[in-house]
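Got a structure here, written out as structure tokens. Questions coming.
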Amino acid sequence: MSDAFSVIGKRVPRIDGVALITGEAKFLDDIVLPKMLYGKILRSSYPHAKILNIDTSKAEKLPGVKAVITAADTPKLRYGIPQIYDEIRDEPVLVDDKARFYGDRVAAVAAVDMDTVEEALDLIEVDYEVLPAVFDPEEAMQPGAPKIHEVERNIAIVKRVYAGDVEKGFKESDLVLEGRYVAHAQEHSHLEPHGAIAATDISGNITLWTTTQTPFTIRRDLVKMLGIPLSKINVIGTQCGGGFGGKNEVTVEPHAILLALKTGRPVKMIYSREEEFIASTIRHPFIFYSKIGVKKDGRLMAKQGRAILNNGAYTGHGIAVAYYVGAVFATLYRIENVKYEGYVVYTNCTYGGAFRGYGNPQMTFAIETEMDRVAEALNMDPLKLRLINAPVAGERSACGIFVGSCGLRECIEKAAEAVGWGNKWKGWEVR
Amino acid sequence: MGGRLKKFEYFEPGTIEEAVSLLAQYRKEAKLLAGGTDLLVLLKQRLLSARYLVNIKRTSGLDYINSDDGEGLKIGALTTLSTIETSAVVREKFSILAQAASKVASLQIRNIGSIGGNICQDPRCWYYNQSHDWHRAWTPCYKRGGHVCYVDKGDKGCQKRILQSDTAPALIALGARVKVIGEGRERVIPVKDFFKKVGNVLKADEILTEIQIPNQPPHASGAYLRFSPRKAIDYPVVGIAVVMRMDPEYSLCRDIKIVFGAVTPVPFEIDEAEDLLRGKKIDSDIIDGVVQTVRDKVALQAISFGDHSADFKTDMTGVLVKRAMEECLKSAKSH
Amino acid sequence: MKQLISLRVNGEPYEVAVEPHKTLLEVLRDELELTGTKEGCGGLGQCGTCTVIMDGKAVNSCLVLAMDARDKEVLTIEGVATAGKLHPIQQAFLDYGAIQCGFCAPGTVLSAKALFDKNPNPTEDEIKIAIAGNLCRCTGYAKRKKALLAVAEQQGKEGGR
């Protein structure tokens, strides 16, 4: 095979390998522009608090500070990320009414060096009216829970996947099993922090360097956030020091741009490691109530599930994750009767975004654990249960996803052979 | 948000006397810089501030390892942890100190961190060792000038910060002492008396200059073990130093030292467990008895830290004391 | 107040005016424009991306005051390849796919180099200890271990000490 091709099957050196291994490659923080300023965001010290007043006068007077911005300097709008037909516009560039999570963006400063920036942040006076906060999504859905946005029960949206007749499926099942599965939050923690450098020219054209996985998406989002024409903004994605989904989003870009427009000088803003944990997106924490019905012979008859995603303070990628989680539920394993509801719930936590897997890891954990429990209840080899119910190529799953190719069966069989499953599996009684 | 130090006035005393004199002059506003792996982190997090920084790395007479058949081992306080972990005499004759030093943080830290600094490091607490920004959201605790402790709501005053040093318990098990020099005075203190309820006994003008370890009796074997979430970079969650002296036929335990670190504010020795072993032939029943006694004693005093509850730490002490004794027995047999 | 210090970096002598509160990392990146050495954890010595070799030892440059680097020999990633030829460690990292985003690579290469400079044929355990202070979020460490073992084997064949 390898002789027939010049690239396929061959080891091909990375085009940026030598630059990376010699330290020549320029990451975002390695870029320096003439007259460049440094910037930082002032973040809320409270997870939920009304902003009564922001006094930036002392910070503005500090020698070396070139600009301070608040919500008054931003367009009066909220933005969101379009996902699978829906879009919830709930996020501001800088908060105008209240802070909704510890780390929410209250103001931003540009100054000649980082020492001055940090001193300026300390001089900005914010009057907060602290509000009760809620961190658990199930608590957030209770009547009387603090409201994070103006929506009922803090539910941003519910994504649904229905097919067949689950009641009939459960009636025809020999065994029905229920469970509650919980997956926790995760932080990408890519070694290179988020950051951006914005530079403008006298005509208001903007060049933005950003460490991102998605330069064109960022460009589109910035147009929406700042109300500027697409033709005015050029986004350059720099050598990216790790993303894993964490760099699919906007962090300091709009602030760097606004500060650059205000000062007429380039502005560099870099996240600290701490900001990575409190003010960048995370993997959605997930609570999943699942009910599964199965025949004695191992055939799955019905699946019903309710996912509760801890969306955090803003929606980010929450809608798509809630949908994908349902799509996985309805596709792995083969099932005709399925009812899934995914609740995207606001809390005062750091908000969820894209993180490699995009909901898959959480749902797969729930499904696979559930299959093992079903196998044990049926006293069946867990491998056999999966082979019986594995999706088949050429079929359309209950939620409409067409399975074009599927090697699950072959994978399971090959892996089982490689570990000697047949010899090792002695039944559920033997531990 | 970290990364940068604030300005300070900087001194590089050439002699110990000059260093002491600077500390005596500036007292609480001065901070002593040795390796810097503890101090610089605390300064960057704004947990400490230094108007005057006294850098003793170029102060002469603080970096050495001297072995003497009569007087034992003398180690200058500035000796780096990596020098100690690779020193032939330490590895051969005081091996638990080399073991303890080798487990600290990472090689990069050990190449600049000093043993004096490891002993004198600031005790730590999950609710204290956080960044400047984290603290903005919390009502100040006692350590930060407030009136509450988040580890133990019943505590009056700061009582639960933990010394997370690897070398301290090992030095106590070896019977080590430290020399401390102040203005016009000098004292030598056993390491176990160097610590107070929380922190150490150093006065504002004092510097720990030397560690003195007596020659160990023949037929002594030892082990230093620790539990931490990762194998490198992390501080110990539980550390244990065991030194065991067997009689020449290797069946009776003549003497034993069991010292725990990172479980409580200061390292502590478990006399009751040692009493179970002294003069006895060691078998699995005795080891089980020791494990139970250790757990019982630790359970009364263990302090939780972050993800690791007091119960978890208690469990770990039982696991580690057993492993440490088994290791000592194994190395005793191979002599 | 700034003080003039001399140090040698990658074999070249430098004279730099520094304030005492500046770290070696800041001086390398901001004054000498050697941006191959990185900052990843807020200068707390927890990630290793700032690793350089100072007087033969791997150190976290974020925890070394510039004042303490004076009169010392510092090697950064920019000085590892010589005469346009990659060091065997660098070549091995590329051959074995041991880097992905590359942000942790400079620090890891220097930790490895500090080991190999003293011990051309280290064991697997010695390799692990040498690079344990260099975090990587992309690769899972397995390939760099393989790459360094290959270098050790190769140097063993070439008759290292």
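Going in written order, the chains are labelled A, B and C, and every chain counts its residues from 1.
One rule holds in what follows: a contact is a pair of C-beta atoms (placed from the backbone, for glycine too) under 8 Å apart; a residue touches a chain by one contact, two chains touch by 3 or more.
Since this is a predicted model, take the numbers as computed values, not measurements.
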Centre-to-centre on C-alpha atoms, which chain is most distant from subunit A? B
Across the interfaces A-B and B-C, which one involves more C-beta pairs in contact? B-C
CA centre of subunit A versus CA centre of subunit C: separation in Å? 33
Could you put a whole-Å number on the gap between the CA centroids of subunit A and subunit B? 42
Using Cα averages as centroids, what's the distance between subunit B and subunit C in whole Å? 29
Give the residues of subunit A that touch two or more other chains, as numbers and ranges in rising order. 272-274
Residues of subunit C that contact two or more other chains, please. 39, 42, 44, 135
Indicate the residues of subunit B shared as contacts by at least two other chains. 1-4, 6, 131
For the complex, give me every residue of subunit C touching subunit B. 19-23, 26, 39, 42-46, 48, 51, 57-60, 62-65, 67-68, 111, 129-130, 132-133, 135
Which subunit B residues qualify as touching subunit A in the complex? 1-4, 6, 131, 133-134, 136-137
Could you pull out which subunit A residues touch subunit C in their complex? 13-14, 16-18, 20-27, 29-30, 32, 188-193, 239-244, 272-274
In the complex, subunit B touches subunit C at residues 1-10, 12, 33, 36-37, 40-41, 44-45, 53, 55, 57, 82, 105-109, 111-112, 131, 231-233
Note which residues of subunit C are touching subunit A in the complex, please. 29, 33-42, 44, 47, 49, 76-78, 80-81, 86, 90, 93-94, 99-106, 109, 135-138
